[in-house]
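The two complexes that follow have chain A in common; it is paired with chain B in the first and with chain C in the second.
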Partner chain A sequence: MRMTRYLPYVLGAALAALFPLFSGAYLEQVAVGMLIYLTLALSWDMLLRSGQLGFGTAGFFGLGSYAAILLFLNVGVHPFVSIAFGGVVAGVVALLVGLAVLRLRGMYFAITTLALAGIFAVVLRNFPGLTGGSEGRMLPNCIYAGNTTKIYWLVLALAVFTIVISEVFERTRIRLALTSIRNDERVAKSSGVNVFKYLVFVFAVTSAIQGLAGGTYAHVFGFVSPEGSFSANFLLLPLAMALLGGVHSTWGPVVGGLVLGALSEYLKLQIPYGHLLVYGAIIVVVTLFLPQGLMGTVRAWWRRSHVTRGAQ
Partner chain B sequence: MSLKGKAMGLRVWALAILVVVGAGFLVAAEEGPIKLGAVLPLADITGAQGSKAMQLAVDEINAAGGVLGRQLELIIVDDESKAEKGAAAIDKLATVDNVDVFIGGMSSGVHLGELPALKKYERVTVWIGAASSLVEQAVVGLDWYFHIHPWDYLQGASYVEGWAALQAEYPLIKIHKAFWAYEEGAFGTSSYQGSLVAFSNWENVGESFKSALLGGGDYRAVLRHAQEFDPDLFIWVGYAADALPIMEQAAEIGFTPPLFVGSPPGWPADFGTSPLADGVIAYGMWAPSIKDVSPVSQHFWDAYIAKYNEQPATYFAPLGYTNIYVVAEAIARAGTLDKEALITALEATNYASPLGETLTFTPSNLIQHQGFRNQKILQWQNGAQQVLWPFEYATALPAYPFTGP
Partner chain C sequence: MTLFRTLRRWQLLLLLASLGVPIVLMLWKPYVLIEGLQRGGLYAVIALPMALILGVVGIINLAHGEFMMLGAYFAYWMGVYAGLDPLVAMIPAVVAFALLGAITYVLTIRRALKAPELNQLLLTFGMAMVGTEFANLMWTSQPLKPHLSYVYSSVALGKLRFGTYAFIYTAAAIVLLVLLQLFLRKTRLGRAALAVGQNPRGARLVGIDVNRTYLLIFSVSIALVGALGAMFLTRHSVFPSAGSPFTMKSFCLIAMAGIGNLPGVVWGGFGLGIAEALVSSFRGYGGWADVVFFAVLVAVIMGKSYRRQTA
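Coming up: the complex of A and B.
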């Protein structure tokens, strides 16, 4: 019974791992982009489950990128070590920032975290000797010398790691704590939940994931720059993916990431001049008419059909 | 030989010619078109008009019989101004479309992300964008890489030469003090830092601003700082989105330096129609008025408007057109798509471009195949961009000093 329950996950993971066997470099490269954004979407949603609307995704992504590249260039460690370092730096900075800003709530917290990307970029820009200033730094060689199959597996491993962390959040008492904080903080506190501790913990973990994604992205494409690494794309696209797929779950952002990533590439090839208009319109329509997202709508339909069947 | 024998001989020859020509056509048909794969940001005017100009050139070449008896096929993929999308576009063009040559390009940031994929395939690449010298460092030693746009430091050197020439030609123009307002990103900052070195004989002061493109748009503090400095030349380095707000806010505080210069990669399409534009100096590779002094530019201008019923408003349009012709002529010279032969043929490029100059490839500081080296100094006069320098392409005398609206 227990084995059957996990079978779809095992099959899904196997299918994803074997994807390069029936795809070419192009689809692998598209998948790399999709998986990076999917990872960011999922990490953004993990914090949202606590009721905190964080906009620091691009900031910690960029910070992780820089930390990874600078360690790699200056110390000469293995790329994996530098990527892990990017995650640690983002996590530690988030922990320190979180101790201050997680006293804020609602829009105040959102706006403060939104400013982080700008602050980090300005700081890094002002140490040109180390960071390359406004131009950034470049790697002499990208990871795996640009081999898309190996890069795909690396990014897939990161996405799977994030899904596992998200599922741990969903299947342990962390979920109960976060849900109770989101529903009513005072009730959560009176039930013995250490609200501040949980919020700082989730903020640090999700930021560390974003830092890992940033470090990986920097090694895949071989450069960092304040404009590129802290681009608003790394906040807005993951947010759209999570909203489209459905928030407060692991599979909503995953489905949203896959659907939007594939849709974006498909539309681009079909409508070269104007695909962004159609893409934007689809996001608006889905958000308006499916406010629970794709997964939320499917779940609601499933529940309804089961109730009807039960009543019959 | 009898008449019958002669007739038979002629028939045999005619048959042989038919067989050879027919086989040639069959081979060409079997080989299919020569594929050129372009990557451009299609939502931006540079990519939109650049790609249209490329298609125009392809249509012209195909109408004239194609290259090596084969038609050209242009496959364009949007990079969406994102590095990862640019990289995916290169992979698609290489593995799905199997293009023969990579062309296109605009942003340096996107191109840095595309380079790992380009290095993987090592196909002949003729790039019209990416001015950052960081890109130049990344393509050192790549014999298959040809770069058409001037690198940032070449542009700086070109302006030094231009301003020196203008001051020598028109003694009224004197520049001792310059104020640099630059957008805080890589484009503005590196331009400013390069200019400090290039114009070290001037007294330079600079201050950064947040571009309207990236959420800024208030330049009053920088403009007042400049006004206090009282420069002979004020220059802003930003994007098209900054052009009108800067002019409006300068007019608002009554800031009218003798030379008011803007250096965005492209100007807003309707900038010339604003009364604020008159007398503003611009840097660029091309202006529509070049058609008055260049027959190639005139042909490009007329053909573009006839095909698309709109005017080319960015120099990426004639640059895209140039991109196609340079590659097509090189393939014709090489007589084959063989990589080594094509590289040799590209090295022999001598193309009279619609930008005014004749394009050749010579070494730059770091790479072997650098195309254009100069920018032009232009001025908005009565709603149109006129060329002030280089003098061989000049279409008007400088309006000096700038007096504001």
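Coming up: the complex of A and C.
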């Protein structure tokens, strides 16, 4: 019984790990992008589970990119150390922002985080000596000298790490706290949940994950720049993925990430300049007509069909 | 009673500051005052329709700046194909954007009115992205700007020489504020809108058609912001992401003034404009002007949460 329960996870992990054996460099490249966006989508959803809508994904992603690349170039540490540093910087900045802004929530939090990417970009542009100004900085060499198979495994490790963190959040008492905050903050507070502490904690952790993703991305593609690293894509795509897959769970954003990641390659070929339009449209349509996302709809359908079968 | 007194003292301080700062600036850095009033007028006039939507419909429209950006593109292409000056193109823009606003309301906003606030934010964020990417797809990210000679008019006052055209934004902000206040206080329709904004259920009970009021206010606001896009185009170039800073700055002004306080939005706009102009007047630090609104926003949020805790 226990074995069969874990079988899908084991099979999925094996399939993901062995993917490079039966795919070429192109598919690996596609999968790398897909997994980075999937990581962002999942981290965004982890914050949403507490009822807070954060738009800071692109901001912390870019911040992590810059922190990783600058430490790597100026101090010359191992790439892994610099990626971890990117995560730490994003987490600490999120902690400070959260301490200030999470006191008022809802639209105040959402719009402040929406402004973050622009603010970080301006700040980094204004230290041209360190950050290269609007030109950005380039690495002499990408990580693993651009070996796509190794890069794929690195990014896969990041995605699996995020999935594990998300599952930890889902299976420990953190889930109870976050769900109760989402449902009714006053009830949560009166049941002894320290609302503010939990929210700041989750905001810092998810932003650190976004920073890690940014550091990894920057090492994979070998450059940072204000326009590239803080691009709205790093907000738009993860949101579309998580919403399409279904929010408030680990597997919704993962499924959404895989579906949209595959679809995006097709769209990129079909409409090279306007494929992002589709993601915006997905956000609008899903919010209006499919608020449970694909996973939620499938789950509801599954439950319904089981119930009717039980009745017969 | 003490609260009342401290409030009065605060207001007095604010009044003194709002009189004192311009006088000091006029003597110290006159250009900052001029530039600030022009810039601030633009921020204020664009924030007003957003404040109207938030106050009456109760929705924060994250696609606000994108509607302005589309209005600017509309005026640009009216200029290219019909030879209209952007200021003349404001008239067709009002009609076109009232229609666009009504369609947007019926297709999307109306369905999300009862949804949680987060869904409304997500919805309008998605709309903003659709707007930006639509502009990107249609007209690429190339900045566009018509050549207009009259915007370079300037005037000399003693040793001071400055452009006068951009005061159109200052004037527009004050005129729009007065018109909106008259509309909301004196007309039947405006009073109905105010009532709906305060309490939609109560308004429905006394026989106001809430849904039609929402539709009206949303379309009027989008029509205004579309026309303002045309006015924006006279001085600035338009590109797909030109609108998004205005969404953020408008929200900053509304948060500063408090929901429903239209004059506060205008004063806040002038304050923000002057602060930004002051920062950019220091050589080498001009790049920091874009951060000012964020500092203000965070300060406002902290101030509000502090007041909520003490109250």
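As a working rule, the second predicted complex is superposed on the first by the 289 of 312 C-alpha atoms of A that agree within 3 Å, B and C clash if a C-alpha of one lies under 4 Å from a C-alpha of the other, contacts with A are read in each partner's own complex, and residues count from 1 in each chain.
We take it that a residue touches a chain if its C-beta (ideal position, glycine included) is under 8 Å from a C-beta of that chain, and two chains touch if they have at least 3 such contacts.
All of these numbers come straight from a predicted model, not from anything done at the bench.
> Applying the document's definition of touch, where does A:125 land relative to chain B and chain C: first, second, both, or neither?
In the superposition, A:125 contacts both chain B and chain C.
> Is A:187 in contact with chain B, with chain C, with both, or with neither (first, second, both, neither)?
neither
> For A:265, using the defined touch cut-off, is the partner it touches chain B, chain C, both, or neither? Pick first, second, both or neither.
A:265: touches chain B, not chain C.
> Considering only touches as defined above, state whether A:157 meets chain B (first), chain C (second), both or neither.
neither
> Which partner does A:227 reach: the first (chain B), the second (chain C), both, or neither?
first
> Taking the superposition as given, does A:273 touch the first partner, chain B, the second, chain C, both, or neither?
In the superposed model, A:273 contacts both chain B and chain C.
> Quick one: is A:106 in contact with chain B, with chain C, with both, or with neither? Answer first, second, both or neither.
second
> With the touch criterion stated at the top, can you tell me which chain A residues are shared between the chain B interface and the chain C interface?
125, 273, 276
> Using the touch definition up top, name the residues of chain C that touch chain A in the complex.
Listed in rising order, the residues of chain C that touch chain A are 60, 62, 108, 111-112, 115, 117-119, 121-123, 125-134, 136-137, 140, 241, 244-245, 248, 251, 255, 287-288, 290-291, 293-294, 297-298, 301-302, 304-305.
> Show me the residue ranges of chain A that touch chain C in the complex, using the header's touch definition.
48, 51, 53, 55, 100-101, 103-104, 106-108, 110-112, 114-115, 118-119, 122-123, 125-126, 232, 236, 239, 243, 271, 273-274, 276-277, 279-284, 287-288, 291
> So in the complex, the part of chain A that touches chain B is made up of which residues?
By the definition above, chain A touches chain B via 24-26, 28-30, 32-33, 36, 125, 133-136, 138, 142, 145-148, 217, 220-223, 225-228, 233, 265, 268-269, 272-273, 275-276.
> Where on chain B does chain A make contact in their complex?
42-43, 48, 76-78, 80, 82-85, 87-88, 91-92, 94-96, 109, 112-113, 115-117, 119-120, 132, 134, 137-138, 184-186, 188-190, 214
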